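Take a look at the structures listed below.
What follows is chain A paired twice: with chain B in the first complex and chain C in the second.
Showing the complex of A and B:
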């Protein structure tokens, strides 16, 4: 390591900061307005709000990944990651304001008496009057699935995430000026309970916001699946942010190829292999036991064009990146790793889309009485075309708008802060480490 | 060489704790560790332990003979609980066999240097536990003389195993795991075997160690090849740590039996396996470091770190219990809810509450530094975790089978004296192998421990004269 170059390196966003958060913030808000206009002309608000949930979960999964990564480093007393930890803190800091974008979803849950987005908002009583076969099931779940409890839970998740982000980001930044190692000790001491809070809030947020879209379906693995997915989104976003920061001439020395290599390993291990392990286990167990109340969720994802999207996930979220990132060479060329990360961010978005979008009315599934071949044929009928995969422009504009806001928020969180935790007692270790 | 007692349990972010105490040079490390094997007589405790465990092993052998002669009716397995103790013991022992490879492979990839003090005997423990595990389904098949039918061997009957059965996947998963763990253990031991060969005082020892040292001379080329092999084996063994117990969990989770079919089973079983495996490592490490004077290598810090891992994996198990219970209610599935309520308050409630107390409640003591650093407390907790994890498998297997979909079938499972004695006998097998290992093979990876000492760091003169954690 070249000490002189290290001393000269630019560790502040400087004029790049306002550029990023003003412009990207503007672009983000603009794209959301454009999406609303597109939604207005599409005249399918249920569809629009589904796209909104996709975009929201895409962004918050990445920021939650940032929070997880930050807490994990303190929990394990990690040395290698100190030089890059500030970037993940920047992502986690978005959890302090992301609740604002959640308000429209809460509003929908309270006002949507037809159950357009979350079917359970229809209510068991109304469902029974309509002759819905699952009214009894919903009545059983109403103690959990009612707007009041659901909103209170969401408020609790956001309050906990706010507090955790505030604590871990705030203390780390405070250390930049005070240089007090006891701050590190304090963060380490609280990392273990923080991790437990994180595990439960993240799990139940995934259950509340994604799994209950189809209230009849359940899987004990769902929270872990969302966690694995968020590791993928976060790991890939982190690599991209570091890559573009260095392209812009920031932190060019302290973040070395060794950190890229390790982030590549993180993305490979958690975002690709662990994700595949969880996804495979969940699918295989449900497929094998073949119980109708569980298989419907996957059956829908094997119909029409959804099948293609499912196959794309298997290939694009596991097989291709697995072999691509298996060798150390691809993890140690910045441009190549960044390209792989860009791919993984895109496929993470598709994963979220795949979790939310496929929706076949339960009546259609029940009408074929378990005959899968008949379901495939029934699905092809013209009147069911609306349930097939149909991309809307606002799917993409919403996602890009939210992503722009996330990057703007990250830049705002890191404005006038050092991009490296300069006074962290383990910084020297992080700067010196090498992969064997 | 200093003899001052050193406290390395501090948690100071400005410096890493030393992992080897009271040894400044490589020579004294070699002397201490080889001394375990080279001393003319092991401590008295070894003889007592060996006498007890080999007795149990003999009893196990006699009972297996009795089982073969009489049939599986000697066990308590009865309709509807056709899987009783043998499968509970199988899953228990496979679980124990998870810590070794986790320490050797995953902690190696995570650059956890403290693992070097414990990886060797944790791996040995893994191998012996898998031997105990593999025995149970083997003798459970009933007609043991055709148990080779489990393998896809072409024969004149053109009989092939049922490839769609997870029980067959077990054969492959456990077989692969055993093979790779054994290879990993052996490859890691080669440089140390060569050390024992070079120090041997008798011809017999020199030849015996020499054969297994494969002509190791410690040349640069040897080391280079060795390091590459070790890294590759670590990378191969890492997915195996997860896959074995995932496949074991499939035995249950693919079925439609209430209480068995939940999707979180694979990672939940893996976490439970590591939890129980670490508890067993602790159960063995605490007396071993005492009797063989290895406290400078397996320091209090090592024990504390392992206690933390027990707390982490125990919390993961607790998370899975909560998710299972929540989903059983949330699903609205009648049978599923019944299975879980029945576990808590039904005829096996006593077993359920032993499991929860030992696995979830008692390990919470490890939140306190005092408990993590007190030898008697941690030893007690680890023993209880072993008990709790055995009961976890008992609860999963026996409660769900005893009260299945057909109430007319319901019954209460009673183990026989053969069940109980064979469980004790499997500990005899395990301990006998382990005691022989301590007597004749290097218990700590000498070469690896040296590599984490300050003297191995070429920049040691620039920095603190301390090994890094």
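Showing the complex of A and C:
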């Protein structure tokens, strides 16, 4: 480490900041408008709102990963990560405004009386009148799955995430000017309860927003699956953000190849191996027990073109990146690691798409009246081809728009702030850190 | 490693027989090498770099804890251990798969050494005999097991461990290698080893003491 070069490095976004948040913010909003227009012409709003949920979960999973990583560093009193922690704080700071983009989903839950997005918004009574076999099941779940309680829970998650982001990001930035080491002690002391709050809210949010898309289906591993996926999206995004920041001449000295190596390890451990471990565990338990109400969820994902997407996840989310990032050599070349991270961000989006998009249409479920073998055959009928994998342009434009807003929000959160926690008592340790 | 000039310059006469002021009357056949003591990690790293640049091959560094940058200063090649562990892991995964395929998906009968073994294809809850999802936990465990055992065994083999005796143990100064001193040992069998010249080199590198070690 070169002390003179370290003193000279540019640790502020400077003029890059407004460029990023004005332009990317504009691009993001523009892309969302374009998506709305595309959705208007497609005239399939149910499909549009599912794409909206995909894009929303893609972005919030990355920001939640940032919050998790920030809390984790304080919980473990980590030294190595101090130099890169501000970037994860920047991503976590988006949790202070991401609730705004959630309002349309709440609006849909309150107004969608036909159960187009969340089947359960139809209500047990209406479902029974339509002769649905699952109405009884919904009646049992209605105490939990009703728009009011669902909205209150979402408000609680956002309130907790807002508070956690405010506390950990705000204190870290306050330390930059005050240099008070007791701030670090305070964050460490609160990291443990914060992590518990994070674990509960993140799990319940994953259940509420993603798992209840098919209210009859349940998996006790679903919250952990979303967590593993969010670590994948976050780890890859952080590598990319730091890579491009360094390309733009920022924090070129304090973030070294050693930090890249460890970020690569984080992505490898959480985003690739842990994800595969949880995805397999979830699949194996359901496959082995072979209960019809559980297996439909995976069955849909093995029909038609969904099967190809499922196989793509197994190969592209685990086997290929596993062997690619297994060796230390690929993790220690910035460009190579950044390329792997770009791939993992893309595959994380496909993972979210795979969670949300495949669906058994409610009419189809009701028409077969609980006969799941008939459901398999019905799904393959030509008139149900629309439920097979069919990419829409707005799937991608919405995702890109949300991602642009996320990067803009991160840049806005870090505007005129140092990109390194200047006064953190462990910064020197982080700068001197080396891997064996 | 670079040993070009050094190797060709090796005299026909063994360097060990060159008399030196302090070891004339000792049995020079028993000289193991020269042990140099350093007081700080920084001193041993810079010294190791010079010894490496001088072209020595039969030498080593001893320190109470891992010293950052020492491997690089010594010019040690990257270890092949990861590749051996990868091989062990793949072997484990394959063995785990074959074991389950043989026991659950076949009715093969064969002698396994003195024991007669037979596959036992048995239908469990309507799943196929060759049911890959059920194999994964055992394949995973076998991969981890053989990779972990392989890592330990190959680590010991590559480092020629366990080694219960080393000539340096006779040196009283060397006891502090587990506490607060750092040592470079250059062995007498190195082609570049000359008793006086090597001592001069080590002293010039800032060694606080240079002592002979008898084999």
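As a working rule, the second predicted complex is superposed on the first by the 419 of 436 C-alpha atoms of A that agree within 3 Å, B and C clash if a C-alpha of one lies under 4 Å from a C-alpha of the other, contacts with A are read in each partner's own complex, and residues count from 1 in each chain.
The criterion applied here is as follows: a contact is a pair of C-beta atoms (placed from the backbone, for glycine too) under 8 Å apart; a residue touches a chain by one contact, two chains touch by 3 or more.
Every value quoted in this text rests on a predicted model; they were computed, and no experiment measured them.
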item	value
Overlay on chain A: chain C relative to chain B, clash or fit	clash
Partner chain(s) touched by A:202 [first = chain B, second = chain C, both, neither]	neither
Partner chain(s) touched by A:224 [first = chain B, second = chain C, both, neither]	first
Contacts of A:171 with chain B and chain C, given as first, second, both or neither	neither
First (chain B), second (chain C), both or neither touched by A:327	second
Partner chain in contact with A:397 - chain B first, chain C second, else both or neither	neither
Partner, of chain C and chain B, that touches more residues belonging to chain A	B
Chain B versus chain C as contact partner of A:80, first or second or both or neither	first
Touched partner set for A:434, first chain B, second chain C, both or neither	second
Partner chain in contact with A:288 - chain B first, chain C second, else both or neither	both
Clashing chain B stretch [against chain C; choices 81-89, 225-233 or 441-449]	225-233
Shared chain A contacts, counted only where both chain B and chain C touch the same residue	284, 288, 436
Residues of chain B that touch chain A when the two form their complex	11-14, 16, 111, 227, 231, 239, 242, 246, 250, 253-256, 261-267, 311, 315, 319-320, 323-324, 327, 330-333, 367, 468-469
In the complex with chain C, residue positions of chain A that touch it	280, 283-284, 287-288, 290, 326-328, 434, 436
List of chain C residues in touch with chain A within their complex	66, 68-69, 82, 86, 125-127, 133-134, 136-137
Complex contacts: residues of chain A adjacent to chain B	77, 79-80, 137, 140-141, 144, 181, 184-185, 188, 192, 196, 199-200, 203, 218-224, 273, 277-278, 281-282, 284-286, 288-289, 291, 293, 424-426, 429, 436
